[in-house]
Every structure is written in structure tokens, then in C-alpha cells.
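Note that the chains take the letters A, B and C in the order they are written out, and that residue 1 is the start of every chain.
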Amino acid sequence: MKALDEASDASAGGGPVEEPSPIARVRGAPILSLPQDLYIPPDALEVFLEAFEGPLDLLLYLIRRQNLDILDIPIAEITAQYMDYVELMTELRLELAAEYLVMAAMLAEIKSRMLLPRPAAEGEDEEDPRADLVRRLLEYERFRQAAQDLDALPRLERDVFPVQAELPRGHLQRVPPEVDLCELLAALREVFARAELYLSHRVEKEPLSVRERMSGVLERLAGGGFHRFSELFEGLEGRAGVVVTFLAVLELTKNAVLELVQDGAYAPIHVRLREQTAEAESHDTAAA
Amino acid sequence: MTQPPLESIIEGALFAAGEPLSVERLLALFPETPLRRSEVLEAIARLRGDYAGRGIEIAEVAGGFRVQVRASVAPWVGRLWEERAPRYSRALLETLALIAYRQPITRGEIEEIRGVAVSTNIMRTLLDREWVRVVGHRELPGRPALYATTRAFLEYFSLGSLDDLPPLAELRDPDRPLESLLTVGEPDSQPTDNA
Amino acid sequence: MTQPPLESIIEGALFAAGEPLSVERLLALFPETPLRRSEVLEAIARLRGDYAGRGIEIAEVAGGFRVQVRASVAPWVGRLWEERAPRYSRALLETLALIAYRQPITRGEIEEIRGVAVSTNIMRTLLDREWVRVVGHRELPGRPALYATTRAFLEYFSLGSLDDLPPLAELRDPDRPLESLLTVGEPDSQPTDNA
């Protein structure tokens, strides 16, 4: 019954106590091995037939079940048995892989070649028509065994449990990755390549100094409340600096981030962040 | 199967659990030979003694007992993860570059240009690294935060100011090697024209 | 900070790592006081001695060292987890065996030996579990992917290296080509070479 056991799923569960896994259950009763003949309770049969991993697996089962010599397969007999199983599978409407039919055709062909009389003169060189099939069966059998051996190896989750220990807090010094400026620029280039049209109209000529100043102005106003417009300008920067700041303020105003307020003509202009004061204050205290 | 010593089983369980184990869970490992709580506690006490002065210890925490690396060796053990700093994602670099060039900018605007969502994770990483900060909010529904780069950003990339970044027009020329755009920062290498 | 004994640090690292640690990674924990490989190996040998007869042991797996629950107590420790370890189908195990023994190998080659198609599901499971990865492509029409096993595969199946795989069954009689075995119907007519 070795072949039958092999035909069932080979994996054996781990754990301290493990029953042999049944091939199938019929009305709750486990079926641990199959009857020798073809009669198998219908429910179990389906499970049994589905357990074959393809035509080679089925053929090996047929050969092993009858203790036949794989090197000298009685091809007519095996072909007939194989066809019985294939017909059964078809009757049960099991999903029959095309490979099963290909194998059926191959068996039929081998059978017919075996029947042909051998020309005496070439007898020595003529390869047995079964040779190729036998090679494939032997090769497949090796890996079928290898799969079982693999399944028997001690395995994480099932047989092997590695230790795990916490590291006390504060000792995980993750060193942040290094970034090269070129990488940054390459990334930006990539964005542009994707958003070519969109950007060409909007970003082209804008000097970065204005962008930087916009951030600076926002930072100065971050405390909330009104600031004198004139305080934003530092005389030391010279004309260019004043222009940059002016452009930054205009841009921020246009984007509705800043609010410019003048009480009357020639009165000092005041600037503040555009947010409801109460909300702004609560936000700032939260941030502080 | 003959049962190994109680202490060995509890040792194995505590070490493999990956979370604190209560006495109840340890008791549940022996359904055939019910134990008293005190037996389990005594075994743990003996184990604690065995590991005194070693690299690990058994600590009692809220949920039960847990194995941890002893504080005295933690600084060395922590280095296991040091060397394996991952690289930043392309998405993060693109986001950072857009903040640098288009600041102050909202997350929505970044997403609009990139054509993909910017994960909260990316923003948090950039804020944590202090390369980026919130400088205000746009008066739009939801008051989205406006992001800008920081001084630390300039320092990390050895930039005097954002003006030292290559102009966008040059950057967008795919035939210009990026390195050639970065000749800034070496003002001394300019040819001087005194004879 | 005075350095604790080498053994304690290595013990802490092996416990905390969550994966097998190579000697190289252990050496990297001591950048200030460079050690020799032999010192690390001796410390591990001493730890092994300490663990003799305890609930844990040090195994050599996937090119490194891993502390794990000793097999004798593993059945009890396994009760900690309710759900049973996943079982894998024969189809998956056969596919994995072919990749392990015949790597690098294409899906078509696997199907040829198994005599049946390999489902996409199986390949995805193997890739998802990171037991298998694509290491290249065969220069054939369609450039089929070549699969090989990974370090995680070794780790999962407790193998030191691929050399530790169970030996593949030999073909019936490796000294004689199959063809000679198949000279029809006369297996007994082989010349016997007794003098």
C-alpha cells in the first residue's frame, strides 16, 4: 500500500500528536487507505482522483500498485488501466488537464510500436519505444520523492521556533539614509518628464530666491497678529533684496495666504497671515 | 515522548513567544499534567537566576513575562540595524525636490504635479528629518499646510541658499548632466581676471 | 561605558536579530575594538555549551547562527499558537523541489519534468513567501524567467546551505545508461563479470 499512501497528500502535520491524515472522509468516517480494486466509495473517489499531480503521477501509481518493474512496463495493460481512470475522471466531470489526454495518446502510440515486428538487422540499435516514457517516469519520481523529503525537513512555524527578544527602548539608532543632491535633482527631472506640459508654463522663470523669501516671510508672521509691512524689509539687503521680498509678499497675497490691511490713505500697511485669529492662536499654542 | 524538564519548556516558550506570556498561557501548555501556578512561578524564578549577568533577562511586565535584551548590552545590539539604513523612495525625493523648488507648497499641489498621492509617511519622514517644516496654511477648505525647506536642508546639501540650486530651465534639459549643473558652491574657482 | 563580556553582547544580538546572524554582522557590532572571526566563533561555542541541556540551542542556518527552541521541547512550545502551520500542496512542494535542485530553472522546464502545468498561484505563493526569486531570463523566445531559491528558503527549512538539501535519489543504476537496461525483454542476459 505504499503507493497509495504516496498518492495521498504527502505532507504530515507537526505537533506532539498527529494521526495519519485520511485520504478522504465518507459520511464522517476517515478513509486511511484505498481498496485494492477500482471500487471506491464515490465521495472518496473524487478526492482520490484529484490527488494525482498529473499523468506521470497517475502512471507511477498504477505501476507501483502492482509492483511492476518500471523498466519493463507491460504497456498494453497499463494503457488500459490508465484509460479506465481517465474515463472515470471524465465521468465525474473532474477538471481533466489536457496533459492526461496527451499522455493517453502517447501510450497508445507506444503500444502500437511495440506490436510492430522488429527488423532483425537493426535490432541492436533500435531503442525500446518505452525508453522515453521510462526516463520521464524515473525523473519525475526522483522529484516526487525530493518534494516529500523537503516536506519532512524541520520547518519554521511547524517544527522550529526561533527566539525573539525585545530591545529596550531608545537603543534603535536608525541612521537615516544619505541623499546626494544629484539624486534629488534626478528625481525632480523625472517629475518634469512626466508633467512636461503642465510645468513649462508655470515654473519656467521664477527665481528661487522669491520662493525662499516666501517661506521666510511666512516664518516671520507665524506668531500671528499684524506686522508692519515695512518691517519685512531689511535695508541691509539692498535693492535686490527688497525686490525679492516685495515679490514674495505679492505672491503670497495672490495665493490668499497673506492679508494686507491699510486703515486709510498713507497709513502704515499691515500684514498678517490669513486665518481667523482665534483659530490661529489655538493652532500656535498647540504647536508651541 | 518523555516530557523534558518543566524549566526547559517554559524557557523555550518564553523565548519564542515574541510577546509577554501570562502564567495562564504557560499553564495551558500542559493540559495532560495540570500544574500549580506556584510551580510555574518557581520555574521562572530559577530561569531568572540562570540568566543573571547574561545578555538577556526575563522581565515582568503588565501582560506577564517577557524576554528582553539587557540594557547593558543594548547599545551594541542596537547597531544591528544601524548599517541597514534603507534608501529613500523615489516618491520621497520627488516630494522633497518639489518642496524645495515650489515652496511654500501644499501637499495637494505636490500631488497635482506628481500625478500621484503623497503618503503621510513621506511627509512625516521629511518633517522628522527636519528638512521640511510647516510655515503656514492656505485659506482653502481644510486649511492645508504649506511646506517649505529648512536651514537644515540647506546645510545637509551644502547650499548657501536655494539660489544655489540649478535653475529649473537648466534642470529640465535632459541632455545636461546633473553634475555640471552643480558647479555652484565653489565661488573661488572662478577665473580671476587680475593679471 | 565599559563593554560587557563579548559573550553577553553576542547573546543579546542573536536573541534580538529575528534572523540568522553571520559572523560578519556580529563583527560589525564592534567597530571600535576590531575582533577576529575566531573570537566570535569561540564566544558562540561557549554559548552553545551554556545552552547544553536547556530549552534552547544555537543552530547554524542560512549562513548564520540562530537561537531556537530545542527540538525536544518544541512540541510543547508549539501549543502557544492556536492556528497550525500552513500545509503545502504536493504541487507546490514538487515545484519548490525542482527549483531547489535544478536552479536556475524556467517554469517550462518544471512543467516538462512534472508532466503538468504549474499554476500561476503556486509561483505567486513561492515568490510571496520569498522562498524563490527570479534571477534572470533564458535567451529563448519570450525570455522565460529563471527561478532560484533564496536565503529565506534556507532559513525556513533550517538548511545551512543548498548542500544540506537531502540528496536526490539516484537513477536506478547510474553506471549503466537507460538504453542498455531496456534491451527488450532480456534483463537477465547481462554479461556477468565473475571470473
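We take it that a contact is a pair of C-beta atoms (placed from the backbone, for glycine too) under 8 Å apart; a residue touches a chain by one contact, two chains touch by 3 or more.
This one's a predicted model, so the numbers in the text were calculated from it and none came from an experiment.
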Distance-maximising chain from chain C - centres being C-alpha averages: B
Central subunit by CA centre of mass proxy: A
Centroid distance [mean C-alpha coordinates] between chain C and chain B, Å: 31
Length of the line joining the C-alpha centres of chain A and chain C, rounded to whole Å: 21
Distance between the centres, which are taken as Cα means, of chain B and chain A, whole angstrom: 24
Of all residues in chain C, the ones touching two or more other chains: 12, 15-16, 56, 67-69, 74-77, 79
Residues of chain A engaged with two or more neighbouring chains: 16, 161-167
Residues of chain C that touch chain A when the two form their complex: 12, 14-16, 18, 56, 59, 66-69, 71, 74-79, 84-91, 93-94, 96-98, 100-101, 113-117, 155-159, 165-166, 168-169, 171-172, 178-179, 181-185, 187
Chain A residues within the chain B interface of the complex: 16, 161-168, 171-179, 181-195, 198-200, 203-209, 211-212, 214-215, 218-219, 221-222, 252, 255-257, 273-275, 283
Contact footprint of chain B on chain C as seen in their complex: 1, 3-4, 7-13, 15-17, 21, 25, 28-31, 53-56, 67-70, 72-77, 79-80
Contact footprint of chain C on chain A as seen in their complex: 9-11, 13-16, 51, 53-57, 69, 71-72, 97, 99, 103, 118, 127-128, 130-131, 134-136, 138-167
